[in-house]
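Chain IDs A, B, C, D and E follow the sequence of writing; residue 1 opens each chain.
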Amino acid sequence: MSTILIIFCVLAAITLATAFLTIFSKNPIHSAIYLVICFFSIAGHYLLLNAQFLAIVHIIVYSGAIMILFLFTIMLMNLNEEHEVHKPRITRLGAIVSFCLICIVLILIFINSKPIVGEYVTTGEDYQSIKVLGKILLNEYMVPFEFASILLLVAMIGTVLLSKKEKLQK
Amino acid sequence: MNTLIAIIGLGVLCLLFEIFNLRKAIVPITIIGLLGVLGLTISEFNSTESYYNNMIVVSKFSSTFSSLFIVLTIFLVALGHNFYENHQSKISDYIAIKIFLLAGAVAMVSFGNLAMFFLGIEVLSIALYILAASDRMNLKSNEAGMKYFLMGSFASGIILFGICLIYGAMGSFDVTEISELSQSAELPIWFPIGIVLVTIGMLFKVAAVPFHFWAPDVYEGSPALTTALMSTLAKVVAMATLYKLLSVMNADISESFKIIVVVISMASMTVGNIMALRQTNVKRMLAFSGVSHAGFMLMTLLSLSTSAGSLLYYASAYSLSGIAAFSVILYVCKNRDNEDIVNFHGLGKTNPLLAAILTAALLSMAGIPIFAGFFAKLVLFNQTIQAGYLALVIVAVVNSIISVGYYFKLILAMYTKEPNEERKGTPVIIYAVAVISIVLNIVLGLFPSLVLDLLA
Amino acid sequence: MEMNTNIALVLVLAPFLGFLMNVFFGKSLGKLLSGILGTLSVVVSFIATVYFFSGIAAQPEGIRIVLFDWIQISNFKVDFGFQLDQLSILWLLFVTGIGSLIHLYSISYMHDDENMHKFFAYLNLFIFFMILLVIGSNLLVMFIGWEGVGLCSYLLIGFWHKNQEFNDAAKKAFIMNRIGDLGLLIGIFILGSLFSTVDFATLKTAIATAPDYNDFWVAVAALALFIGACGKSAQIPLYTWLPDAMAGPTPVSALIHAATMVTAGIFMITRLNFLFDLVPSVQSIIAIVGAVTALVAATIGLVQNDIKKVLAYSTVSQLGLMFLALGLGAYEVAVFHVITHAFFKACLFLGSGSVIHALHGEQDMRNMGGLKKAMPITFVTMLIASLAISGVPLFSGFFSKDEILLVAFHHNIPLWAVASVASIMTAFYMFRLMFLTFFQEFRGTAEQKHHLHESPSLITIPLIVLAILATIGGLISLPGNSWLNEYLTPILPKLATAEHHLGTTEYILMAIAVVGGLVGIGIAYAKYIKQNTVPTEDTAITGFSKVLYNKYYVDECYDAIFVKPINVLSRFFRDTLETGLSALVFGFGKVTNEISYQGKKIQNGSIGLYLFVFVLGLCAIVSYLFLAQQ
Amino acid sequence: MNNILNHIGIENYIFLSVILFCIGVFGVLYRRNAIIVFMSIEIMLNAVNLLFVAFSTYHQDAQGQVFVFFSMAVAAAEVAVGLAILVSIFRNLGSITIDNLKNLKG
Amino acid sequence: MNVSLILIILLVGAFATFLAGDKLASKVALFFGLAAAAASIVLLNHYNLGKNISFINQWITQPNISFALKADGLSMAMLLLTTVLTPIIIFSSFGNDYKNSKSFYALILFMSFAMAGTFLASDGLLYYIFWELSLIPIYFIALMWGNGDTEERKKAVVKFFIYTLAGSLFMLVAFVYMYQKAGSLLLEDLYKLNLTATEQLWIFLAFFLAYAIKIPLIPFHTWQANVYQKAPTVGTMLLSGIMLKMGLYSVIRWQLPLAPLAAKEYMYIFIGLGIAGVIYGSIVALKQKDLKKLLAYSSLAHVGLIAAGTYTLTLDGLRGAVLQMIAHGFVVVGLFYVAEIIFRRYETRAIAEMGGIRTQSPKFTSMFLILVLASVALPTTFNFIGEFTVLYSLSQINIWFAILGGTTIILGAYYMLKMFQHAMLGETNSKVFADVTVNEGITLVLIIGVLFFFGMYPKPITDLITPSLEEILTQINRIN
């Protein structure tokens, strides 16, 4: 077992464990913090796969922006205490059943499928440096890139629309 | 491509109008703009071109469907004039969101790359989440937005996972490459799973059974105009995209997959129609009716290579009658907190014109001749029998019969019950939209070749 | 030829014109004028008939007139045409002749009725249809008349339509006739498909020339036609309408239910004699039915107290005798009896009408008696007619009835016996009627007694004429020297070769019949004159006579077997089956609605559930596609 | 440069992200707290992102990573909108338990 | 000049009536109805002179559908029935006041348009469209101008609509299926199809469902009585006089020639069903308390016989059926009109509440009686010709069919006379019964005149329909 594999396993374990903890912890703040850890471990995976730029962006976007948004909301609503009503048994059962089902089904399919044989391709070319990514993003993927701005614009307008107080018309 | 750019430009223009305090002009300008865009799209009709590394592919398919979307948006924007009377300060936002939504829709039918597809569907979805929740003081609207958002992002996750697996199998997001690869070598199993997951995500968007549960709740809770948008534009867009997705990426889908489609189609029709029978809320009823229409439209997936024309026709017929119906609903339920069928009592006496329009719209949905809905079903049946699925057609026929039950419930309410209160005011725009859309519907019914031959 | 056509049209249309005039202008014409109009129109027909009668000797093959194509059937077409031959002219003669007399009679008889013009309209219409029946050149034109006379019978029985019982009787008559009509139609269908024609003349040649025909189907056709005849001529089992039909005004009973319409069955069978001759089995059925009818009706007639009912059963009985003759192949004898019967029975009915008229509607013989002084003409004419019907020698009935008995004896002794018993009974009840009505003391109210009078001359003249005819009618077919047989030879070719001789047997039989008749009269005399018996009240009737009095409970049986079940069935269908079927259809809707109602519970608003189903659906699809397929 | 997947194997990444994805699904179904449900959805998206990167390495192709950017943008937008909706619900209802959202049914 | 003219007149008439306003509506409608009648008589003349009055034009390219109106003798006869009855029906309504009469009369003309189209269409889809289209106006007529309790009426009318629609949708499937085989839905193209026996059976059954419900044959008749009762008389006349003939016409025009093998194979079953309808309808009619319902069941019995006639697949059966259709169309319109006349005076349709009218209104009674007699097929009325021919054809198949079918002669007389007796005869009614008005009289006399004229001289109609029926028979007897 190579070092890399060990690192992978450790990271994977952290990822999964924190993901679980995110879901199971009663306090939303704790959940949020576990989730941050989870994101960090995923960033670790990215680094492992040599995608440094992505790892950084990931941390900035998720841990830096999205999670902060979550935390702000939690605090805004003063949700640090557990308000959640007791979940009915049927809900839990349903959740567990569907979790098991989807997990088993997907994993079974992948196990059943033909294993990938032989070496993985190694072109040796640089394909994931910032330079390359930038080129692809702004050449080939220029349109989606621009379009993503529309997406964000819509989200922005929407958020404003949903939050801003209306001027009462006379 | 030009269409897309023009639409986005128009959206931005809307926002600018707000800044320059030209709120009154927004709706008319937008409509004129959209008409211009429509002309632009039609002028590009015969060109098949791909833009920017095959990100956007303009073809007959995309331009016809885009035109349909634009027409629908024109109607929806026009209806907005009346609907947002009391929300003047936000009108530009509403309109702009709708325009961007249209942009997403156009992107979805003209994508050449899965990235565009994904972004398009997300623009559409996010716009819809916002619109659903836009009546923010209303708990129902909140609930609708929340439900739609949660389930929608769940579905987005599934779509994303599917895209990811496709990418894993093919190493590319470009549909032409994917389709070339899919025919050649032995594929990793990731590819079909990816396709299936994307399909399931899209089935959610078109509200097919068993992924339809959100639809009635969301339709009911959302502001009526949003419901109109969802049940006409959004559904048609999702269906067209699903069709395009499957037809572009793999020429022939497997037999067992077809069986799945058949089963889902049957289930959608049956569940949708049966559930609609006992609804008293008109929007909810139309939601279930929409579920069943989704089931009908899914029949086109059984003969992918030939059925684009029928899908276009069905979509046009369905959405035009939907617009007509919703404009009447908007009129009737304005200033009321629900859309209960009681509100429609005696409409035949108080407002015969609108009652007639609603009747015509419902008859079209039920598939009664000379309305376009009839031919839509007919060509669909024709195609499906040709593909060898007689049983499906028979189920569809039985469902058409059931559907008459609830469509007529509404018609009966309009004509046989006594009106409970007078409605005042004659909003010209609503009349215009209703009349134009139903006339278009009937014209389609009288001259089906107009549309059927476009994609033949 | 043109001349003939025109006169034939006059013959047919005159009564129809009378009908139309009476319908449209009757009310404004006034009673007398409308009566005269009605009578004249029939007289015109009679004159036209006489014209044809006088010309028939020169044209033994008869006159055929085709007016236009009527019905087109794939293998044959039906003309609207007339056939004036010996048989039809004979019938026309007494139809229009007696018809004229009865019209005349009605002018006086109906003069109190506010709807007299209607009465004449209906009578004219009846004559019109009767003429059509008789002169139709094919079965279908005959069928028009056949149904048409049924309709008129319906209208006239229910003439006093305010009384629902009369209406019931009318309805009953119509429906029972229709049962027969169905038989007739079936017969027509079979003949049509076997021989591709329903025209009498072509049918005759077709049957004669057909190399081989299907015996069975011919027999079925004959039987079906006979059922038709049963309905119209009141034979078992379809006879019960005729006594009820007495609800109509008495002239109607005389015209329709004694002299003309009820003989239509005999006419039809005689017309189709060539067909019936082919099927001996059916002939024997006809004979048996006729004999049994004669006997049964006669027994019922023994105890009836309503003067018209007695005559009605007598009519049924006499018709039975005619059918007996038909069944034995002696068509000419049947025809002979039809004619004599028409004379004396019309006379009897008109006489009874005269009596009823005098008593202001009283029909129960128990309330009559001793009328011979007050109404001498009526009495004498009725007596003559009674003697005729009883078969007293030299009166017309003697000859005709005797021939029937003779024929019966030659063919089948039991049938002869039955017929003889029936005629003895006839003699008995006819004289019972006479004695109860005209002899002894008057048993009615003083009021009635005060008003007793002889009827006016318009009533008595027809009576006298008919009485004369009833007396001398026998002359047309004297034993051994029969004008009638000669006359009918073109229709009944057999007659040409038949030998006529009177042997000892015949004389003995004649004697037996005469003695029998006299015995019947004697018993009646003994009982009603000597012992001065008056029939008891309805409630006091016991034993077999109660059964007889109640007509063997046949009506009740029919009611229980046919009418009640149909009504029960109808109610069952209406209330149960219809509702059930309807519920079945609604059931589909209800079930779907119920499913919908239950389905609404699944849509419970919980996102968790929705997503759960979502995931289940996903798992199901994915595992079906990728796990189950391997 | 060696392909790192030679050490780990693409299958392992697939399993990892499948499980992670399923945990996300589980979270959505299991929790009634809307915020946690949002987080679960984020987990799902991240699972996919991880797989994208793995496939990107597998194919030695940058497009996968580019797609992750879009995916992140989408995630951000969704969260923003979602939280906005959540806030308005909270204002109206005083709670963010999604089980309370059962007014629309039938 | 071709048959599309009639359709145009009726359609334009419908719009013109609607635009004419409530006051003029009835007159305008009558005008257009008469115009259509006149036009069809002119066209009949053209047709008899051998001119081509058909009209074919490509309509939809994909699928290949034509706007094809073909006028042969059969179509012309049915067209005449429609266009002659329409003005009569409109005229018959002149004594009533309908609110919103512009819509009412417009719907009548529109329905007439659709029915005329059904009789003329020779393209399967066009035919189907007209067929369905005719449902909508009658639905509204029955719903909005009907009588009785609204809820009950709603139930009945909706059932009617859904039921008939349900039947016809299967017909649509059959058409679509045939389209796959033939590539066109033109009648002549469909005739050329070589379908296997199994296919024919299914197609036959699909058609049968549509027609059995429309005609209606038992046990698919449950909508009929209620709708007839609830609909306004004009609607009932349209339904019974013309619309149910659509079903019978379609059997002859579409069902039999398209699936002859199945028709021959299962002939006995369908004849049996028709005859069962005769007996059942007659028996149920006996105990009806409502005049209109009674007439509805009598209608059931009569059309059962007609249907049995068509399924004999003989020239006589078809011819008799067509003759009887026309005759029944007139007589049933007359009878329903009689019911309406009584209703106008007594405000009731319950037979028990009538009676004793004869003394008050002899003219009316006579006309009623004539209609009753025509309905029970007394010779010299048109109905006799039809009934006789049909029964004859049945006797060719099996004598028992003729006997059982012939019970209509007996049972028909029974229930009709019983009804007549209780409705018209008896002691003078205490309620005043005004004699018929001129309008009412004209209508009834017209109908009676037609019945007698063709009863004595059916040749024009026989000659008109026979060639086309023979053509259809050749199709039925073609060897596959």
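We adopt the following convention: a contact is a pair of C-beta atoms (placed from the backbone, for glycine too) under 8 Å apart; a residue touches a chain by one contact, two chains touch by 3 or more.
Bear in mind that the values here come from a model prediction, so they are computed numbers and not experimental data.
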Study note, to complete from the structure: In contact with subunit B and subunit C alike are the chains A, D, E
Practice item. Taking the mean of all protein CA atoms as the centre, name the chain whose own CA mean is closest to it. Key: E
Practice item. Counting C-beta pairs in contact, pick out the pair of chains that comes out on top. Key: A-D
Review point. For subunit D, which other chain has the most distant CA centre?
Key: C
Review point. With chain centres set to the mean of the C-alpha atoms, which chain is at the far end from subunit B?
Key: C
Study note, to complete from the structure: Expressed in whole Å, how far the mean CA point of subunit A lies from that of subunit E is 71
Check your understanding: Cα centroid separation between subunit B and subunit D, in whole Å?
Key -> 27
**Study point:** Rounded Å distance, subunit A centre to subunit B centre (Cα mean)
**Key:** 31
Point to revise | Distance from subunit E to subunit C - Cα centre to Cα centre, in angstrom | key: 37
Point to revise | Where subunit E touches two or more other chains at once, by residue number | key: 162
Practice item. Would you pick out the residues of subunit C that each touch at least 2 other chains? Key: 589, 600, 603, 605, 607-609, 611-612, 615-616, 618, 622, 626
Review point. Taking each residue of subunit B in turn, which ones touch at least two of the other chains?
Key: 115, 119, 122, 126, 129-130, 133, 136, 147, 150, 154, 189, 193, 216-217, 405
Point to revise | Interchain contacts (touch definition) - all pairs | key: A-B, A-C, A-D, B-C, B-D, B-E, C-D, C-E
**Study point:** subunit B - residues contacting subunit A, complex
**Key:** 8, 11, 15, 51-53, 55-56, 86-90, 93-94, 96-97, 100-101, 103-104, 107, 113, 115-116, 119-120, 122-123, 126-127, 129-130, 133-134, 136, 188-190, 193
Exercise for review: State the interface residues of subunit C toward subunit D in the complex, per the touch definition above.
Suggested key: 600, 603-608, 611-612, 615
Point to revise | Residue ranges of subunit D in contact with subunit B within the complex | key: 10, 14, 21, 24-25, 28, 34, 37, 41, 44-45, 47-48, 51-52, 55, 58-59, 61, 63-64, 66-67, 70-71, 74, 77-78, 81-82, 84-86, 88-89, 91-93, 98, 101, 103-106
Practice item. Mind listing the subunit B positions that touch subunit E in their complex? Key: 309, 348, 352, 363, 368-370, 374-375, 378-379, 381-382, 385-386, 390, 393-394, 397-398, 400-401, 404-405, 408, 412, 415-416, 447-449, 452-453, 456
Revision key, fill the gap. Seen from subunit B, its contact residues with subunit C in the complex are 147, 150-151, 154-155, 158, 189, 192-193, 196-197, 200, 204, 210-211, 213-214, 216-217, 254, 256-257, 260, 271, 274-278, 402, 405
